[in-house]
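Take a look at these structures.
The same subunit A turns up in both complexes below, where it pairs with subunit B and then with subunit C.
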Partner chain A sequence: MLTRRPPLRVIIGYLMIPLALYIFAVFIPLMTAAFYSLFEWKGGPNKTFIGVANYVTLIKDKVFWLSFSHNLYLILLCVIGQVGIAFVFVMMINTRSVKLKSIHRTFGFFPSTIAAVYVGFIWTMIYDSRRGVLNWLLALIGRDDLKQVWLNNSDLVMTLVSIPLIWQYIGYYMLILLSATSSIDKEIFESAELDGANAVQRSIHIVLPMIKSTIIVCLVLCVSGNMKVFDNIFVMTSGGPGNDSMVMAMYGYKISFIQQNMGYGSAISVGIFVLGLLVIGAMQLFSNKFSKD
Partner chain B sequence: MSEKAYGMTVGKKVGNGFMATILNTIMIVFSLSCIFPLVWMFYSSLKLKREFNANIVGLPPAPTLDNYKQILTNADYHIADSMINSVRTTILSVFLIVMFGFVVGYILARVKFKGNRIIWLMLLMGMLIPVHSLLVPIYIVFNRTGLNNQWYTLLIPYIAFGMPIAVFLIHSYLKGIPIALEEAASIDGSGFTGTLFKIIMPICRPVMVTIAIIQTFACWNEFSFALVLLRDVGLHTVPLAMTQFTGQFSSDYPKIMAAMLITMSPIVIMYFGFSKNIIKGMVAGVVKG
Partner chain C sequence: MKRSKIILSLMLSIVLAISLLAGCGGNETTTAPAADTTTTTAAPADDTDETTAAPDASGDGYAGELTLMHFSTSEESQGNGGSDGFRTVIANWETANPDIALNQTVLANDEYKTQVATLASADDLPDVFLLQGMNTKLWAEQGLIMDMTKIIEDSPHYADYNTSYFTPFTDGDKIYGLPVLTGGTCTVIVYDKAAWAEAGFEEFPKTWAEVEEANEYFTANGYTESIAFGNSGKWQMNSCFLSTLGDRFTGPEWFQSIIDKGGAAFTDEPFVKALDYTGMLFQSGVFNDDFNAINNEDAREYYISGETPAFIGGNWDVSYIGATLLETDPERYENTGFAVLPQPEGATGSENSQNIGLGYAVAINSKLADDADKLAAAIDLAYYVTGPDFASYVAENYALGGLTQVSNVDLSAFDQFTQDFYNYSYIDTAACEIYDSYVDGAVWDVLNTELQNLTNGSTDGATVAQLTQEAYEANY
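For the complex of A and B:
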């Protein structure tokens, strides 16, 4: 801290605009949501105070909880798919036998820099039943029987929408983990490559503990990222078929803007807020416990 | 460290070569999959719709720029407009995030005053808040105040959501900078503002670049707030314009691909031009943030 403090009015002058903007965009909406969630309000001039009725509806709302479970399912798949695969790739890329390392970095990181909306479009085209690459591949290997309208498959749709997410961010986590392993003695990786089975053991027993804190950062990012997934789903399925790929943000959007039910939409927003904080809180507890070991 | 030094047998060497091939193959397949969409979209965008539908992965039989010409000359598609909107929104947002982040971060790190801690906690809360819980209420607030659907509308949420991470990066960067520097400047008669912009700002350049890189991608790619806050097609940013466009031409893949490539081009060129620095910046932002 500075020993000679500048005049208070200078500090206030500097802080005023950024903080006013920040409060206006973050805290005012939060309070607004809490307020309107107590009303029956279709977005028009009339609204009716109904107390906590919206929250009672929310607690009983099967679709909302289904959406939440889909978020959790995405978290599970993405923790394994993004961080898990990224870790395996990092172990592979650090061996001496893998060539073209800088190409793998540049290409691998690329998908994470493009908009989720675009990734959604690309994969919608890949999954397309008549013009899609996936069905084309199946035809190529003579499995025409497996061809289908992929994103209409209720059982598979959540997994199918998670694949673009995983694909997009493997490289991202790979680069984060690579930067963490760059300080580890190269010999650990190089001697590990001599024997396949040994390499796996070394990864788990030697490398993993050394980059534990970075792994935790990745897990936190991955969990919070998947709590707010929206763009991909909006583009690929809009939550369908039925509600089979509905996630919380998409559901809030649908109720508020498509059904114009702003009062209930506000209650859902508060619900997303609370569940989001709970999940992140649980994550913090987990990581505190994990890093103590 | 040659393999002979380990006294390996021939069998093991073959095993290693085999292992190496597998590892290399997996990594190459992964890397190719990451740029396959770009390549596929590029040569497919040179096809006509019927050529694409006849063979979705083949090279164009007679490459044509028709799709590009149509998209760029037809103002109804709003592709060029959307790019101007995105460029303006991104540049202004990033500039203000970096400046605000710098000033607020510096004050929180170096100046002791009542409220310092509270502002810190407020910003921390902003990082933890699930952004999408604000989607509906921010629409209500902006609608009420008439701030929605303006050219500057998106600057407000983008700056607000980008600021916490910027403040924290500046704050943690300043921890490594000795305070003696500013004290000396102060003794030499430099005022607070002079010290802030003439002495501290040049020192913070690397971390400010990191913030700018992260936020450039975040603002350019942002979709959900643009979706709820903008109504006029003339104000749409790129991701939003693309959802309109794909809705309109849902069966004309080559045209969609051409539009995607045009609107992606600034970010793709930037990425492949400066990938080393961009990756470094993004990773630094995560690890230190």
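For the complex of A and C:
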């Protein structure tokens, strides 16, 4: 049993552990990447200092900016799909008519526990043009005209690779939002019900304002998570057809390991970091404004 | 008491921090995904100059550890003669050299390529590993791989080597590896002779116009298309199609000039024609419509299941198709034949070419120059796994050939399928180069990506050629 506050140096000592972890896992790799990005480096011991030439290339690199636009599109879909649908599910689970709530919670969360690579494989099978469930269902309802090679459709492929991500993480955000809604006083709902508010009105005018800060946390998690998305898209399309489903992290990987251009790959990773900060910063500004309103 | 607790806390913190930092140190243990890997320990100390001397090629003088990295997993070796032979000779060498602890890292091929490139970037390659042709010049420039010219000349098996296999591993007059595994074709049409005979072709068509004619018959008679192909990995269109079709338009001199930077360009008209022709063929309906969404493993299943009467792939696909059909559909196995790509209209090159070679070579880390005994052991291993024991094993068991030539291969012991494929690979066809055994990965990555757009009809040959040329000028 603690009888008194531990000395400051003990507290600092313990705090050093996460700090050391952070420096080791984030700060040092970032600084190293920033350093390597100033070199023409094809791997191996020889590097040539080229200043900011890699960044000049990056600014002009159409594939990188195409990848960035794909990340933004993915974020938009996932914010609506993951957080939005999770909120709707939470509202549905919280209604009195839904039974076996814990089962819904457990099964809802289940996809989040599957590795992204497996999720990619599962959805590749769903989209398969000859043996996939999607085309089979279309045939079943007599819409053979809609059957197609889904993952080879340049216009749809980004949406199609986003769906597994949405499916996988709805349960994750559902759990966070459920815990936030459980802290709302039930009496507020009861009095609103007595005043004649229906379920939609209660959700919009009571729940949403009361869990606003949790929703902002969910949005930050969603945006930052989707800025670095890689694995399931890599499994499903490898960024194809062409570069139509290329995202920034995969492009950095391709440049670094397939093209073995480590210097430029480092510049791309610094670019991803800077753009990530900008997007999250813009979102914070937006959420601050939303909070004030 | 409290003071000792504080000291203990601090010590534990320091131990934790050190253990974390030690995790990124030089000696690491690697686990192989989808493989039967043991462990590997990082390469030894100092960076040194390349060696040109060939010490006594015997592992006898060395007792200690030797690290080896390759991709012949036990799964891969099922039905794949090269992998099976490679694993067999490694095991023999280990038995013959009990004082040497051969630590192997065995990864599936895709993971191998990524991992070995990462280790090369970190200047932390294993003692012995498999070098891909297209990495030779770059890694030689970086001083990562040993110049093995003299070592190869001093080999006891040198007289039996098929020296044409060395070219992808050559930079100027220096050779950087002993070509390994089996010389296998990268482009072969595997077809159902009975089905094509029904369509009116006793042997596989010689022109693409005839293939399109056959396609009308097939699509009207229960088949979805005539030829299955898979390119979702993006490399297949290059390795298993364009490399041969390009040769038909450009001839071998053009690609040699590309390798030598002798003035040829990807924007040269014959190559652009080859690109446009490839795009046209894949838009014609002859191939499965999902060719850019599935890989070669999926596409060959279309042939195995009988959905499609032909398939285009490489020797690795033939091994799998043969082993599977033998078990599931012996009649189809008997009816399977092999053919080169039909000749495109307007092409003036060899009508009988197919790209064949050894894509990998046993290379030695240049750092071994410092340790004569260890180097001798590495050389002994390299000689052995590419030598007559390996060649005899794959010839006798699989009718395949490697770097060391084996005379008087008795094919009579093999069934028709195996004999036909042997004749296709080594006897009846003309060899041309495998594009991505040369030049630079960055160039092929750009070309492969654009080939998906081209075959989907969203770009044209001239644009693809221009982008590839830009990557060539920037990276090679």
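Methods note: the second predicted complex is superposed on the first by the 251 of 293 C-alpha atoms of A that agree within 3 Å, B and C clash if a C-alpha of one lies under 4 Å from a C-alpha of the other, contacts with A are read in each partner's own complex, and residues count from 1 in each chain.
We take it that contacts are C-beta pairs under 8 Å (C-beta built on N, C-alpha and C of every residue); 3 or more make two chains touch, one makes a residue touch a chain.
All values reported here derive from a predicted model rather than from experimental measurement.
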| Is the number of subunit A residues in contact higher for subunit B or for subunit C? | B
| request: For A:Met262, decide between first (touching subunit B), second (touching subunit C), both and neither. | output: both
| Is A:Asn152 in contact with subunit B, with subunit C, with both, or with neither (first, second, both, neither)? | second
| request: Please work out whether A:Leu175 is in contact with subunit B alone, subunit C alone, both, or neither, and reply first, second, both or neither. | output: first
| message | Is A:Phe49 touching anything from subunit B or subunit C once the two structures are fitted on A? First, second, both or neither. | response | neither
| query | Does subunit B (first) or subunit C (second) touch A:Ala33, or do both, or does neither? | reply | first
| query | Is A:Phe24 touching the first partner subunit B, the second partner subunit C, both, or neither of them? | reply | both
| query | Looking at the overlay, what does A:Phe290 touch: subunit B (first), subunit C (second), both, or neither? | reply | neither
| query | Which partner does A:Phe230 reach: the first (subunit B), the second (subunit C), both, or neither? | reply | first
| query | So, A:Met16: does it touch subunit B (first), subunit C (second), both, or neither? | reply | second
| request: Identify the overlap between the subunit B-contacting and the subunit C-contacting residues of subunit A. | output: 10, 14, 17, 21, 24, 130, 257, 262
| Parts of subunit C lying in touch with subunit A, wherever the complex brings them together | 6, 9-10, 13, 16-17, 20-21, 47, 114, 117-118, 120-121, 123, 135, 138-139, 141-144, 232-234, 289-290, 292-294, 441-442, 445, 449-450, 452-453, 456, 458-459, 475
| note | Touching subunit B in the complex, subunit A uses residues 1-6, 8, 10-11, 14-15, 17-19, 21-30, 32-33, 36, 89, 92-93, 95, 97-100, 103-111, 113-118, 121-122, 125, 130-133, 136, 167, 170-172, 175-176, 179-180, 187, 190, 193-194, 196, 214, 217, 221, 224, 227-228, 230-231, 234-235, 248-249, 252-253, 256-257, 262, 265-266, 268-270, 272-273, 275-277, 280
| request: Enumerate the contact residues on subunit A facing subunit C in the complex. | output: 7, 9-10, 13-14, 16-17, 20-21, 24, 41-46, 127-130, 149-152, 154, 237-243, 254, 257-262
| said: Show me the residue ranges of subunit B that touch subunit A in the complex, using the header's touch definition. | reply: 1, 6, 8, 12, 15-16, 19-20, 23-24, 26-28, 30-35, 37-38, 40-41, 52-53, 56-57, 100, 103-104, 107, 110-113, 119, 122-123, 125-126, 128-141, 156-157, 159-161, 163, 179, 182-183, 186, 191-193, 217, 220-221, 223-224, 227-228, 238-239, 242-243, 246, 253, 256, 260, 264, 267-268, 271-272, 275, 278-279, 282-283, 286-287
